[in-house]
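Before I ask anything, let me first share the structure, which is written out below as structure tokens.
For reference, chains read A, B, C and D in written order, and residue numbers begin at 1 within each chain.
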Amino acid sequence: MSAPTPAEAVILVSCPDQSGIVARVANCLHETGGNILDAAQHTDFQSDTFLQRLHVSWPASEPDANDIDSALSVLGEQLHLDWRTRWVSQPKRVAIFVSREDHCLHDLLLLRRDGQLHCELALIVSNHPDLGEIANRFGIPFHHVPVPCSGDVDAEATQLALLQSNDIDLVVLARYMRVLSLDFINAYASRIINIHHSFLPAFAGAAPYRQAHEKGVKLIGATAHFATATLDDGPIIEQGVTRVSHRDSVQDMVRKGRDIERTVLARAVRWYLEDRIIEHNGRAIVFE
Amino acid sequence: MSAPTPAEAVILVSCPDQSGIVARVANCLHETGGNILDAAQHTDFQSDTFLQRLHVSWPASEPDANDIDSALSVLGEQLHLDWRTRWVSQPKRVAIFVSREDHCLHDLLLLRRDGQLHCELALIVSNHPDLGEIANRFGIPFHHVPVPCSGDVDAEATQLALLQSNDIDLVVLARYMRVLSLDFINAYASRIINIHHSFLPAFAGAAPYRQAHEKGVKLIGATAHFATATLDDGPIIEQGVTRVSHRDSVQDMVRKGRDIERTVLARAVRWYLEDRIIEHNGRAIVFE
Amino acid sequence: MSAPTPAEAVILVSCPDQSGIVARVANCLHETGGNILDAAQHTDFQSDTFLQRLHVSWPASEPDANDIDSALSVLGEQLHLDWRTRWVSQPKRVAIFVSREDHCLHDLLLLRRDGQLHCELALIVSNHPDLGEIANRFGIPFHHVPVPCSGDVDAEATQLALLQSNDIDLVVLARYMRVLSLDFINAYASRIINIHHSFLPAFAGAAPYRQAHEKGVKLIGATAHFATATLDDGPIIEQGVTRVSHRDSVQDMVRKGRDIERTVLARAVRWYLEDRIIEHNGRAIVFE
Amino acid sequence: MSAPTPAEAVILVSCPDQSGIVARVANCLHETGGNILDAAQHTDFQSDTFLQRLHVSWPASEPDANDIDSALSVLGEQLHLDWRTRWVSQPKRVAIFVSREDHCLHDLLLLRRDGQLHCELALIVSNHPDLGEIANRFGIPFHHVPVPCSGDVDAEATQLALLQSNDIDLVVLARYMRVLSLDFINAYASRIINIHHSFLPAFAGAAPYRQAHEKGVKLIGATAHFATATLDDGPIIEQGVTRVSHRDSVQDMVRKGRDIERTVLARAVRWYLEDRIIEHNGRAIVFE
């Protein structure tokens, strides 16, 4: 009989900056039997806020989640601490939204199959039926929800119902070509990751590669960000670029951009699934 | 007695696109005794324009520049060809404008000393006296021209007189912290290269690193471009980026950005000096 | 009735360096009615060899391939010119060899489906049956040829028969985990592209990521090269790198490396298909 | 009257891995009045070793260094902990060794002048007199110590005497073209940083750019590493690469490589000065 894997959790912490936090949090977890496998911290001096990510294991015996919660609660009151705990044994549940382009979807599916994305891939939602076959191949439920135009109320109601009934933690917009309504975004604030095919804040909005071509830039990029009320303006999670020249047509840029888009999106999604991202004051702090 | 170096020239050509140009230009030069050491071409399909850079030597005997001019003139009439010839033996004359920051200036001085920038460095102009000592060290005439505010008429008149009396072909704005007037820019259209410390078109204008920090971007950059009437909006010659994270303060970004600025500017200047850049329809075609 | 697409060809040329080649080749093609769409040249001074890639169209009328061949033959005798012509209407025929890992295969299949790789994908050969299903999905014939050990004579005979009966121009080793015999390599000299998962010449041979991990390198890479008699030592076509740190386990490096491997291999294959590569004196000249 | 800057120290810790270390170290420092400004940790599973870098301030009152030492000693005995403390108010003392090339030296001098390298630059030692003038300009003592051949006993004795009398903490080999003897290296083990102009472990030894050119690589690089008994084989601290092609001569590679060399070396030196590097089992762990 093999020994059970020790319980592990990732804990994200934020509180007003003050002396001694690191020691007190470490102590609190130590007293529950926890061992800190990894820790990263950041102090935002503009808001005087302390932020920390802790990866903790309980090697000796299976901890009672309530006990740990209680211990952190006590500390939380003393330090005005916000925290959230995710047990590694409970992977997040993900929905992917797509339209017709499949390069980002393919990458996410392959990475998850290879054990690189620790999540439950609960469903794929699309405003076109085209990618249903790929979803089937990988055994992921596929829902074709036509969306006559961006923000269509009925379509979004259907989509939201799907997310709720599937208990979704993260929505990934993998080249989904509709703009979500403000209501939708608010319902999943900080839980929607979009990939935009430009090096934001340059070339927000439609046809960024065409804009980039006209401008004659020498590098094109892609940006993964949280979706917010303002189009293509949410907290930036990850960015990448690749070199172009006058020889590259708009079509060439689209092709070269695909490699960047899928790579950048995959990294952002992985970091979210591993609780490496803290959104703070409109910026995404990433503990890589 | 060593043999004289054969004459060499770089010829930049543009004309309406049509069949047979490459052969006819090659032939024309061949008939003057020229040998094409390198050739690069580009067809801009939006404007149906053919552009070419030719590096030619006359190995057998010193050519008469007038003969070559005449030969190209005949072809020019037939093909509606614009061209310009620069003899490698006649390097361009360069003026560098600076303020107080010296990282870009230092790089240009060192590169030229090491034979990497083929030019006559005729003078350095600054609105502050600080960098005069560096200029002296490298034996370059230094002119301190105070500029009370951007576009000051008297100061610019002094600067323009310096450029004209020194027969300047290229003005390099190496972190020069004044905006030039439209008149100045028009007087040296397509002959002023500026380095902007952001990945344009993002963060044009003042304090780009501060803007980048607020935005939480994950890559910062620098852009070398021709100066035009619109601030930070001229044809882009070269760009580079480097990675940043939430750990980087604005000051850290300034530091990391310096490496990119100087490298990007030096590349752009080198390409200009080697006649590798053709400005066409608001874009810089670079035959690297 | 739409006009037929004009005939296009890519012509690769090499000959002893001498004055006037560019003009004479251009002229020769011009006289056949050819228009040079793009040209790139390189002179290797160690061997005094001139190399050129020409992309030519015949806009006026469909050329007779024999006429063009004759014209080039005459020039060829005069200049001791080697050349090969590929008509764009006749894409190369490709075989992909794989084992169990599918990330490179997937990318090649998707790129070709999206029109990014101009070729006939004639067959996929594997020493394992696992990837047959993917091949089927994309409608590519799949051949499972067990290879008990590297260089197995019977297995290679079967593979070679498949290549010959399918008239294969290029063999792509897309993470194929067997070493080919010298006889096999000689039969397809300069027509086998391999992807090695290291930044060659560092870490040739087995388990390069393990070697890289032990060495503590800060960048890992991948190299696409022509297969030659010496393992992992053929002319390098393309390379790429990505950053790693002490936090990355060997397994993390394997994951990060996959992105580089597939990207680098895809670029090398595309360049080959577009006749952008000339092998010369043990090096791959790539006219990107 | 402005308040005095609070005392700050960087503490590097290593010990056999065991549960509870993070909490106990944090607690120990907390009890001395210390506040952990930043902490980074790594567990090397091959040797079961825990490594940590702590940046600590004592905001309330100036600590007694002996008290902190005593506190860590007690913990050290309990946990078999090795540690070293460096007070930020006591910057390291650096010697730079050069020969004739000045691009790396220039960068280090400029960075230090701009406050980017927190150190005392005590002296520059060279086997050639050429760079004395630069040293003078920046006000750094310059010692010309001729070294007839690598490992010359008398020359090294002179150099070592200079290092000892100047109380040197770090020796930077900034393109110093002599190989140090084993005795020299042992005397400053883990305190000599060299920049090698290749992407190690490829192209160790002499003329790496010539080797790279012959090999036809598509990327060239530079490697900063600790000097050890085996030439160009010490723990790698930092690496960088840049793209090259068949167009680049060896001389072009030398030029392109310079930018990488100086950037990579400057990063490695900065990390050392900020105590971000722990050497462990032949690898350099860098807490960037």
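In this section, contacts are C-beta pairs under 8 Å (C-beta built on N, C-alpha and C of every residue); 3 or more make two chains touch, one makes a residue touch a chain.
Remember, it's a predicted structure, so these values are computed and weren't measured experimentally.
Looking at subunit A and subunit B, the chains that touch each of them are C, D.
Of all chains in the assembly, those touching subunit B and also subunit C are A, D. Simply put, of C-D and A-C, more C-beta pairs touch at C-D.
Each chain's centre was taken as the mean of its CA atoms, and the one lying most distant from subunit B is A.
Here the spacing of subunit A and subunit C, counted between their Cα centres, is 37 Å.
Centre to centre, using the average C-alpha position, subunit C and subunit D are separated by 42 Å.
Residue positions of subunit D touching 2 or more other chains: there are none.
Residue ranges of subunit A in contact with subunit C, taken from their complex: 102-103, 106, 110, 114, 116, 137, 255, 259, 263. Across the complex, subunit B meets subunit A through its residues 42, 44, 199-203, 215-219, 221, 235-241, 245-247, 282-286, 288.
Residues 19-24, 26-27, 29-30, 35-41, 43, 59-60 of subunit A are the ones touching subunit D in the complex.
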